[in-house]
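Below is a structure I'd like to ask you about.
Labels A, B and C are assigned to the chains in the order they are written; within every chain, residues are numbered from 1.
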Amino acid sequence: MSQSQHVMHTTKIRKDPTQITMNVITYVLVTIFCICCILPFWMIIASSFSTEEAIRRSGFTLWPTDVSTYSYYLLFRSPDQMIGAYIVTISLAAIGTAIGLFIISMTGYALQRRDFPFRNGIMFYIYFTSLFSAGLVPFYLLMVQTLNLRDNYLAILLPLLMSPWLIVLMKNFVKAIPHEITESGKIDGAGDFKIFYALILPSLKPALATIGLFLALSYWNEWYYSSLFLTTKVEYRPLQFHLYNVINKVASLKNSVAGSNVVITDLPGETLKMATAVVATGPIILLYPFVQKYFVAGLTVGAVKG
Amino acid sequence: MRKMAALLIALMVLVMALPMTGIAEGAIDTSEHVKIVYLVTGDKPTNRTDEVLAKINELLTEKINAELEFRWIEWTDWQTQYNLALATQSGDIDLIGTATDWLDAWPNSQKGAFLPLSEDMLKTYAPKTWESVSEAHWELCKYNGEIYLMPEDNYAQWTNHGFMYRGDWAREAGLENGVHSWADLGVYFQYIKDNKDGVIPWDANGNGSSYSPQMAGGWQASHTGNIAIEGFPVSIFYGNSKDDPYTLSRYYLEGDELINFAKEMKKWADAGFWRADVLNYTGDVAAEMEEGQTGAHQHHTQTWTGERTTMERKQPGSDLGFFWFGEEANNLIALNITHGAMAVAAQSKHPERALMVYDLMRNDPEIYHLMQYGFEGEMYTVDENGLFSRPEGFEDGTDGVSFNFWWGRNDGLEYRNAELDWDAIQKLYETYDSVKIDYPYGQYIYDNSMVGVFMDNLSNVYNTYMPRIVFGMNDDPEAIVAEFRQALQDAGIETVMAEVQSQMDAVYKK
Amino acid sequence: MWFFACSSEQNHVQGVDSLAKSKKASSVVTYRRPSLGKVLWQNKTLILMCLPAIVFFFVFSYMPMPGAYIAFTNFQYNKGIFDSPFVGLRNFQFLFQSGQLTLLLRNTVLYNLAFIILGNVLQLFFAIMLNEVQAKTYKKVSQSVMFLPYFISDVLVALLVYNLLNYDYGFISHLVRSLGGEMPKVYQNANAWPFIIVLVNLWKSTGYGTVVYFAAITGMDSSMMEAAQIDGANAWQRIRYITLPTLKPTVIILFLFAIGGILKGNFGLFYNLVGNNSMLFKTTDIIETYVYRSMMNSFNFSQSSAVGLFQSVVGFFIVLGANAFVKHLDPDYALF
């Protein structure tokens, strides 16, 4: 990099003043942003342990007023439902992420190969689907009538396996790996798949961590496909859908004419919403440190490659 | 009331007489055991519904060699889910619970979701239902000369809207007889505002869209003779009066009454009868009322009947009253008989058997009681007055039964809930019966194909302006009404009115 | 694109091509084009590697696509999509006749641009800054914390915002009043909402987006960084001359990708925050919310498909344009 010519040689290698200023700015700004992120979440947790009466008027508080665990009781009233929901979601996320990650990275690598003549064509073929979709009815007919996937977990697992966005992202990460690795593999007589599997994949760790995280999140947060394809015949449904039902039932009934037939009694609206947020977020946030490991690891070993 | 009782008795006789005169055994081939899937809105119950269903299926198998299966449309996103299920059916559903006012029964009939039911079919496979519904009522279930719906026409219920208010506070406010007009309501609210510290007179959750048509239409019912016509995506289509029902009212286009409404609501908003940010508030008004945090709840009569009991328990002495919209002008329309109705799916593979199942659900006392109340003795008891009560500690969520059968309830077989305050309810119903008129537009079904585009824009205009008028969220009521009317004009209201009028003329001015 | 395919010797040319991008024109050598069959055979492994994805998108995206014909029909449930009567562009009309299209397009596009530009700036900023931080625990914890808002559903976000800003009982109202000030009625002031909505969006999406840049920085060649340090480059210079250029392709790709959805709005966010408060529509109404309000009482699958199609077609041409532009500058950065 020719930019080194611009560098002033007067400063020391370590602890130059700009580094210190920058660190100060970083700490201040990041800390402020983090407070903005954590405070509302804290208020949600506190409110989820309050009684409905207490928060109805005064809104969110920093500490629970009139401590109550009623909304958690409501959520876990049928624990087998909750446990079932967790198991379904975790299984879907684990299987889907593993399969999806493999296909995405393989495709991303192939599409980044400069010597692959069809890469632009295939990329366009994939990208096009992110712009145009058939709409709800045709997609529903495909899933339910052509593929016969109603009440089948595959209806959730399959459509979320990959997305044009994740493939583009992966392709972009692969780009950072020097082409020489592929070249050296070729010289050693390795096939394309062998090169990908043995040489490329190991240096893609941060990318795999990122895209794996995104995949896992999309499975974790999924409720839309569940609402379309899993009817009440399915005993255990994905977590977010289960929770979504709990909180939306009240809301959608209150504002609709359907309410004329239904009597809703004593459902703690607001605190229940808070509790579901806590229940839904807790486990996945524990996953994040594992993902982070790869970001840090990548930095220190990075120099070895190439 | 007497009329209803007579009807009731007639029906009882009918029900008892019918099994003897019913169609000859063996005329219908029921050798194949079939499963009839019943599409119904509601969450899958976590109570004893499955047990009861198993018992019902035993009976159904015995009688007609069929069984019933639920396909629940859960409340989450139910509008999409329901319409999607109808649009993509492939013989996977047989019976469909529907309604002309809240489940788009007519648009769905027009779109080919339901099977047209011939008289022969009904006579053969649903004979009791066929008999119990009068010819005039069947007429109201026709579209293009074909019957599509089986109406819930023998079930007394009122879903006309109004305000629930506390009788005790109304008396304190000097309203000895309670609230019976919008003016009284204003007095009542002002009293609460001035005297009940920390209580918001009406803590409306204006975030929902349903208040607009209820409030605007409520004022209209109380101050004009206009009659709302159902089945439009926008609530601005009214007939002039009961004497001239088939001419469209121009209430929303001209005249002072809408301006008066806007002015009054602006006054109420400025007086703080609801919170300043009402349009974004999502709270639970009923719960607040039960806790004494607000003084009113805007909903319909049916809700009031239950809420009155709840309030008596939570706020003893509250004497929850109901001011119904139209009370000042004695302007009240009976519930349209297709507020609940059952239809057969267009693609059903067993429409005959579906009709047979429905006929039993609606008319067979044993099945009906199981469906509505559960196992007698264990889940409920009936006293000598025909009132039913639940055992001690009964929780509907775990011990009850939920068939959500809102498409053929039958007063001939219903038990009244002993918990409700029947004296108060009876009194109100008697008032209703003395002033009500029948819904005059049962035979008119709006056809959206000509002016649909304009209608969508009108819908948007209405939903843009009406919340601001209803909650007084404007600087100048007269100006905003003028703006609203101009926007309606720009969106093509005149074209739509002309089209609707000509559609109506085609039906009623032959 | 075809000339990349010529022969394996040329791979070397392409391999070092990054050093000599400017010589692109001269590298177009006039080899004879080999037959398609041969090219396919030569690339069989790479094609096979793409096959699962190709099949996937074929089944889940292309197979139902003819069904988009529904947008041109008056969909009859008992006839099916293809036998329903054709009505031409009638389902598209209501959007164009509304008189609101200009406002809706303006709002939708401006919000999306703000989300894309400010969002990426903030994400880049946090990724780079956190990368410079030495304290490992701080780095990790702050990243996790930044992810929290992503999990809060729009319903809850709206509730939070209402609890902060509402006039009568809001947290900020209390604060302002206790300090003797006068709280403005935020929910009646349309001009405040572009800021609020953009802020909320940034708050929600920064944690998620930062991860992308973080991974890209991680994948960066750290030997360059070390060399720069030895050369005495200060932190600012390292960022300016090494980190940022490394992230450039990622930024461009993300931008190109986002631009295709420029007409598609985040319905959940807008609908929950604004609801039917029409006093705010002037600055908050986007295509999705308008369509929702127009059709909430008349269910019409054909019409919603038509709106979606309109958004897609416009987005498609914008992306084609943007991609061609990027390709013109540097083909390596283009999306396809």
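By definition in this document, a contact is a pair of C-beta atoms (placed from the backbone, for glycine too) under 8 Å apart; a residue touches a chain by one contact, two chains touch by 3 or more.
Owing to the predicted nature of the structure, the values given are computational and were not obtained by experimental measurement.
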Exercise. Looking only at C-beta pairs in contact, point me to the busier pair out of A-C and A-B.
Key: A-C
Practice problem: Among all other chains, pick the one whose mean CA position is farthest from the mean CA position of chain C. | Solution: B
Quiz item: Using mean CA coordinates as chain centres, what's the chain B-chain C distance in Å?
Solution: 43
Quiz prompt | Inter-centroid spacing, chain C versus chain A (mean Cα positions, whole Å) | solution = 15
Exercise. State, to the nearest whole Å, the distance from the C-alpha centre of chain A to the C-alpha centre of chain B.
Key: 42
Exercise. Hunt down the residues of chain B that sit against at least two other chains at once, touch-wise.
Key: 80, 87, 207-209, 282
Practice problem: Would you give the residues of chain A that are in contact with at least 2 other chains, written as numbers and ranges? | Solution: 57, 136-137, 141, 248, 251, 270
Quiz prompt | Touching two or more other chains - residues of chain C | solution = 75, 159, 162, 166, 169, 301
Quiz prompt | Footprint of chain C on chain A - complex, ascending | solution = 1, 3-4, 6-13, 16-19, 22-23, 25-27, 29-31, 33-34, 36-38, 40-41, 43-44, 57-60, 103-104, 106-107, 109-111, 113-127, 129-139, 141-142, 146-147, 158-159, 161-162, 164-165, 167-169, 172-173, 175-180, 183, 186, 191-193, 196, 203-204, 206-207, 209-210, 213-214, 217, 221, 247-248, 251, 270, 273-274, 277, 280-281, 284-285, 288-289, 292, 294-296, 298-299, 302-303, 305-306
Quiz item: Residues of chain C touching chain B in their complex?
Solution: 74-79, 90, 93-94, 97-100, 158-159, 162, 165-169, 185-188, 274-279, 281, 290, 293-301, 303
Self-check item: Residues on chain B engaged by chain A in the complex (per definition of touch)
Solution: 41-44, 46, 70-72, 74-78, 80-81, 84, 87-88, 90, 101-102, 159, 205, 207-210, 282-284, 287-288, 291, 293, 299-300, 302-303, 306, 310, 340, 404, 406
Quiz item: Mind pulling up the chain B residues that touch chain C in the complex?
Solution: 79-80, 83, 86-87, 89, 104, 107-108, 111-113, 206-209, 212, 232-234, 275-277, 279-282, 346-347, 448-449, 452-457, 459-460, 463-465, 467-468, 473, 490-492
Practice problem: Could you pull out which chain C residues touch chain A in their complex? | Solution: 1-2, 4-5, 8, 10-12, 14-15, 17-18, 39, 43, 45-50, 52-54, 56-57, 59-68, 70-71, 75, 81, 126, 129-130, 132-134, 136, 138, 140, 142-153, 155-156, 159-160, 162-163, 166, 169-171, 203, 206-208, 211-212, 214-216, 218-224, 226-237, 241-242, 246, 249-250, 253, 257, 260-261, 301, 304-305, 308-309, 312, 315-316, 319, 332, 335-336
